[in-house]
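Note that chain A is present in both complexes that follow, paired respectively with chain B and with chain C.
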Partner chain A sequence: MSPIATSVRKDRSQEQQKALIADYYGRLGALAAAGQGAPWTFVPGNLTELLLTFDPLPVLPEINALQSGMRKTSGEQVLHAEKLGHSEDVCAYVKASIGAWHQGNVGPTGDPLPKPNLLLLSYTGCFTFLKWFELLRGETKAPTVMLHVPYQAQGGITNEMRAYVVKQLRETVVPALEKVSGKKFDIDKLREHLRLSALAEDDLVRVLEAGKHRPSPIDGYFGAVYYVGPIFTAYRGTQAAVDYYRDSWAEIEERIARGEGPITPDGPMGEQRFRLVVEGPPNWTHFREFWHMFHSEGAVAVASTYTKVGGLYDRGFRHDPDRPLESLAEYCLNCYTNLNLSSRVDLIADYVRDYDADGFVVHSIKSCDSFSAGQLLILREVEKRTGKPGAFIESDLVDPRYFSAANIKNRVESYLQMLGQKQAVGGHA
Partner chain B sequence: MKCFVGIDLGSTTTKAVVLDDQGRILGRGITNSRSNYEVACAVAREEAFADVRFTSCERALPDGVLDAAHREAFLDALARAFRLAWHRERLDALADAMRREVPVVEALFAGPALGPHVEAIVLRMRELADPLFAKGAPRRSDFFRDVATSQFHTLGEAFAKRGAGSFERLMAVFDKAILKAENQESHFSPQASAEFAIGRALAELDLDAKAAANSIVRPLLAAMSAELETVQTVGTGYGRATLPFSREQIRSEILCHGLGAHAMFPGTRTVLDIGGQDTKAIQVDANGLVTSFQMNDRCAAGCGRYLGYIADEMNLGLHELGPLAQKSCRPVRINSTCTVFAGAEIRDRLTLGQKREDILAGLHRAVILRAMSLLARSGGVHDEFTFTGGVAKNETAVKVLRDLVTQNYGERTMNVSPNSIYTGALGAALFARRTPARVMEAVA
Partner chain C sequence: MDAPLTQAICPERDALIERAEGLVRDTTLASVARWKQDRPGSKAIGFLPPYVPRELIHAAGALPVGILGGGDMEVVRGDAYFQSYICRLPRSTIELGLSGALDVVDGMLFPSICDVVRNLSGMWQILFPKSFVRYFDMPQNFEPEIGGRFFEHEMRSLLSDLGALTGRCVTDDDLRDSIAKFNVNRREVRALYRLRAEQPWQVPSSELYALVRAGNVLDVDDHTAMLRAYRATLDASPRRPKDMARVALRGCFCEQPPLELIKTLERSGCFIVDDDWVLSARWIDGDIATDGDPLWNLVLAFLERAMPCPSLYELRKERGEELVDGVRESKAEGVIFAAPSFCDPALLDQPMAMACAKAASIPATSFLYSENTGQFQVIREQAGTFADSIRLS
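Take a look at the complex of A and B:
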């Protein structure tokens, strides 16, 4: 019998989050029903505030894929794409997206999705993004606009890099949006969205940094994917996001005051024996099962890098109404996916220290060459710098065939028992 | 006597090790896992405890009763006699199971009556049992199943030619029966087998049983019947979650292999374990505690099962692969260790006229190259280096590994124990000694 509970426990913020996501897909469905299109774009380097200035609601194929993964429909989409000739080794997000398009362009909630009236390709460190939208362009015949965000190869942002992105925003992206929407660009409207973004971002940072407490009132990886949901989708720059993050923080403050841990899908988490930092996105098709492997052994994620792919707010970045296009450019340049290997090592090592972690886990994605390359080196380097042991686990994003539960459980358990041994001999100090 | 038990439920084999309260090894047992872990656990345990009885006998043999040469010969004879008793007991169970399957197979596939032929084969297998455990006989597979399958196969072919109906019908009886015989706990009687074994060992050395009654037989039988108390059991391996054990009685095999290797070779810093379906590279500290590890991912290419499959494809016993590969003069270069494609690869190469030993040498190298990659991932090979798991029994695998480690990391002391397959179970038993005692109703 599975030890995983059949009914799912949720806290207040999770219910709110669920309502927001349902509302988002509902609104997309209404657009589709009305025969209207929408811009499609990516999470890292998304320009939600700029899009909202022109009123359209973005469609985010990555979010559709991961939501389909959690709802167990991505496997079919992936197989469909393979039937069309896409290789087994290709990024599973791409295949889920292509498959979903061919299966009637229906979103994960069952609502139809609007067709793309613009493919806004924000290129932020993932080379596959280019190919993905190239393929979708072939399928949908939608116009494509590329925002080329220079990779942080030297580990920082120069004035030239920022100016290069701003120039593209001004000369390429904004005119394209004006053309698609038939509206003139209103910079004051953009400023207002950016002001709301910054407010929500302040509370989001409070939420994520709550993982520094003992016990941690949140799970900063599995639990935190719910927290980042609204700001990763279409809610950044809206009052709804401001309210959601304010409420979430209030809820977490209550938990801190009561000395409570996070609510897992199987109920409130018990004793926290291990504090972990996690690198890499979760597996979505077996999300609960994967989480269960950790929380059932008393392991809580105190921080993660995945929650930063939509922006590194905890390192000080905020959208700035006074520097609208510049701050959008900095946002894009600053996404976790756009960091070079040494910056990623720095960040993970800092997290291990700042969050007082016992160790860290690298969850490597088999079909993601651009992000998985170098992860073993990251692991070694972080181990060397922090003196804390790392674990290396491999599966995939939304291709259920890559999740070998017995093998992964074996690694997770072995790793946690190893940490337990270290603690038993006093090695955790 | 207080006993601590470690059980390693591997994907291919299940191992049990029993320790005394000093941490000394009293007994080892091994069986095929099949899909029934519960039975595998019971059988391995039972075999280990039979071995404990033998160890007890060995320890109980009073000093000075026999001179050194006779003592050694006697203990060797005793060990073989014990194994023979165990083998006979398994053969009886198999014969019973086959008798039950005969009418089933006869109803399914028309042909001449099978009963008399099965009885004749059983009789012949009984006759073949004694030479298997005769003095100086080469030790064959540890598994009754392997020995029985090979014998039945040969005898079945001969009988089929003599009118037993098709060979397939006879094999159908055997295939159904061996599964059932393996999956039932035996009715092995320690007392009866001890009496048999002691008697046989005395006879082999031409010692007078009457004269030895007080000096040898009585103390040995007394030791045999000593009460064994299982204080604690710890389980590990792939099937560990299926064991009726509490949480603290279950340890990951990574930790068990680390600790087991440390116990066998205290200087160990790096452990490579190649098991049935996974390969593990483990780094341990001076106390045998794991500091880092890497495992193969979801694909078990290049693990023990791969070699098992190759053996089947080539119609060889698993233990014959290594020696044959060592005869190779021109190893073939093989990159794929995909088990599913292994058969096609072998047939393809044989068609090209390549020799079996050269293909095998290439396959062994491919297996070890995969392991080398995991070793690199886990942090390299440090001195001393201990190789464990079923594949460590294969001398070609050991040789290739030694060469590649030296090439890549320089000279390393490489430890391989003849009992390497029990490393995980030994580690589990050592954890059992450390785990607070509790009443073990579920498994005691």
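Take a look at the complex of A and C:
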């Protein structure tokens, strides 16, 4: 989510984001150097504020995997895991994580990572999480605590679903954190973190919804993965996140006033010919090349679903200090991958309409059944619902073997050509 | 070298197996249609692996129908809904739905086994908007007052929805009767499993597999009668003992192996003495209590006595330990991991199970299959070599 590529032109918020992420890995490195452990957990359904209440800094193996993808080290990690007997056909994040553990548990920035003193298995929106932490439990022998978040199968959250998650938080997760940290749970401290979360979330939504402007001042997919970086990692619930999102929004407001588009790795984006909505996670091993295929043709992503895996704030959710555990439960229940297929179709169709998009792209990830199973139906349904054409592209997250640049480029170009022809005939695509 | 199956001439048994295999292969669900014809106005409810409490469906007056994919049927339309890297079961299930083969079922239940089946439930809602579709979320927290209460609510909602569909107000006594019938059925299934573990030449796995799978499309009493009749033939016409390598088979808890694959393993010299196919038939170990609150009894049975399955969080043991326990209990001499291609739960589980097998000095081998695998030569050679290595060691 939070790339730290080097030879890339950045705007102010990207520089700030880079500093935050470097600081995060630096602090993890310091913990490791001091021989201290840290809880490991996942991004969707993460309980950062609760963890911060007990002080520890979480390690997020998904972020490590994607950062390794950006830095081109994930391929080696994946191969290492396969040599250990892991299948070619399972989620590459898991293999990157297992490979990294076996290669000395060093993070993507080269800093050592603290060993897990707790595996906080927030089981939100993906079954692989369960197997991933079972595998890591076997490797690390760390204690594991499960938070089962029921699926929104009927398209909503019931009182029973919320009560089940709250009960688990109260009776299993909090005691496990008390035990590992040696500290008593302080609900007022939690409230304070949640208050800060809500402030940052307000500005994050402003940032992401800036994609509604013409020209769009942000890229709501490639560019937005930088924006969501801090809130997806260890910064939700901190003053640093509040400052970061306030500054980012201020920067974007300036761009809106000047009528400017986003800064891409190759400089400010020129004319925006196509406005797209994107579904599915990006490819990390060829992130820059992938983005280039779009922005070089004048295509800007105005909104995306991937930027909602860490929370659907633009649909109104905010962490609520007055209902601390309930709002944490609702947060977990509300992550994008915990939505049923109809709700996902609704969301994408709404984005196409609300962001006045010319079309949409489904980026299907070999690794990820949670996102991918059903995406071909999503494609048809969104086309049917919006009347806008969709494109279907396949690659992977952090396994470089599955990024076939020539094929993908071909796909993107023909799709954009088709949109261009439509525009030539009828104004809008 | 191929080992011949242990044959004894017994026309009754042959007829039973022929019927069971016919039911397994019949993707048109003719037996379900017949059941409904005999009971005008009645309903049938399909469910996917690994488990739903069939007692609830039965108590609501409907026929529970296990849908285990489409076997080797040709899949055309189903492929248009899934990328190449997704397993076969959802493709053939969609094919069955779109071709009308599932019109005979009045509703579909999708248990929480994996992301593919979970998303398939949403696809079903979109593709078949008029049909009764429920996702069945099994708890991953096994504390009665936490996961148990959540599951109780899931079950009560399902029961009430089923009752609304069938027009029956289900009483506790209805549920108790259903639990009692399935208890008897599970006892029969387990008796066959025990017998197979003790005298595998008596109960070839290809027969056991067909017999247990047949229960997916039969009324519970009819199925129990079939199992009993089969057991009676073993007493009346026993088979001669044989010596082959005893193996446990793992990885088949969802997409099912083709019947021919099981026969191939037997022909290559393996007695399968433990397996994880058709788990719904024996998901609960032992009887479920019929006194007190029957629905709560179903909840407790799930929390305390569910079969190990890669999709359920393993709280009490390290992953793989349950495999070692199963191997010891069934006196297997080796393990075959046979995972469906692209099955994440099975393939993510495998390294842990393999490591445990290795640590316990249990020989193991692995291969991939899909429900429509049609070429068995490579598997036959691999299993034959594995069986030989066990027997020679």
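One rule holds in what follows: the second predicted complex is superposed on the first by the 420 of 429 C-alpha atoms of A that agree within 3 Å, B and C clash if a C-alpha of one lies under 4 Å from a C-alpha of the other, contacts with A are read in each partner's own complex, and residues count from 1 in each chain.
Here is the rule we use: contacts are C-beta pairs under 8 Å (C-beta built on N, C-alpha and C of every residue); 3 or more make two chains touch, one makes a residue touch a chain.
Small disclaimer: the values here were computed from a predicted structure and weren't measured.
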Partner chain(s) touched by A:N407 [first = chain B, second = chain C, both, neither]: first
Touching partner for A:T128 - first (chain B), second (chain C), both, neither: second
Of chain B and chain C, the chain that contacts the larger number of chain A residues: C
Contacts of A:E383 with chain B and chain C, given as first, second, both or neither: first
Touching partner for A:T172 - first (chain B), second (chain C), both, neither: second
Partner chain(s) touched by A:E394 [first = chain B, second = chain C, both, neither]: both
First, second, both or neither for A:A33, with chain B first and chain C second: neither
Partner chain in contact with A:S342 - chain B first, chain C second, else both or neither: second
Contacts of A:Q417 with chain B and chain C, given as first, second, both or neither: first
Partner chain(s) touched by A:I187 [first = chain B, second = chain C, both, neither]: neither
Common interface positions of chain A, toward chain B and toward chain C: 366, 376, 394
Contact footprint of chain A on chain C as seen in their complex: 80-83, 85-86, 90, 112-116, 118-123, 125-127, 134-135, 137, 139-141, 143, 145-147, 149-150, 153, 310-311, 313-315, 318-320, 339, 341-342, 344-345, 347-352, 354-355
Chain C-facing residues of chain A, complex: 84-87, 89-91, 94, 121, 123, 126-128, 130-132, 134-135, 137-138, 146, 148, 150-151, 153-154, 160-161, 163-164, 167-168, 171-172, 340-342, 344-345, 364, 366, 369-370, 372-377, 381, 394
Residues of chain B touching chain A in the complex: 238, 251-255, 278, 287, 289-295, 297-298, 377, 379
Chain B partner contacts - residues on chain A that touch it in the complex: 366, 376, 380, 383, 389, 392, 394-395, 402, 404, 406-407, 410-411, 413-415, 417-418, 421-422, 425
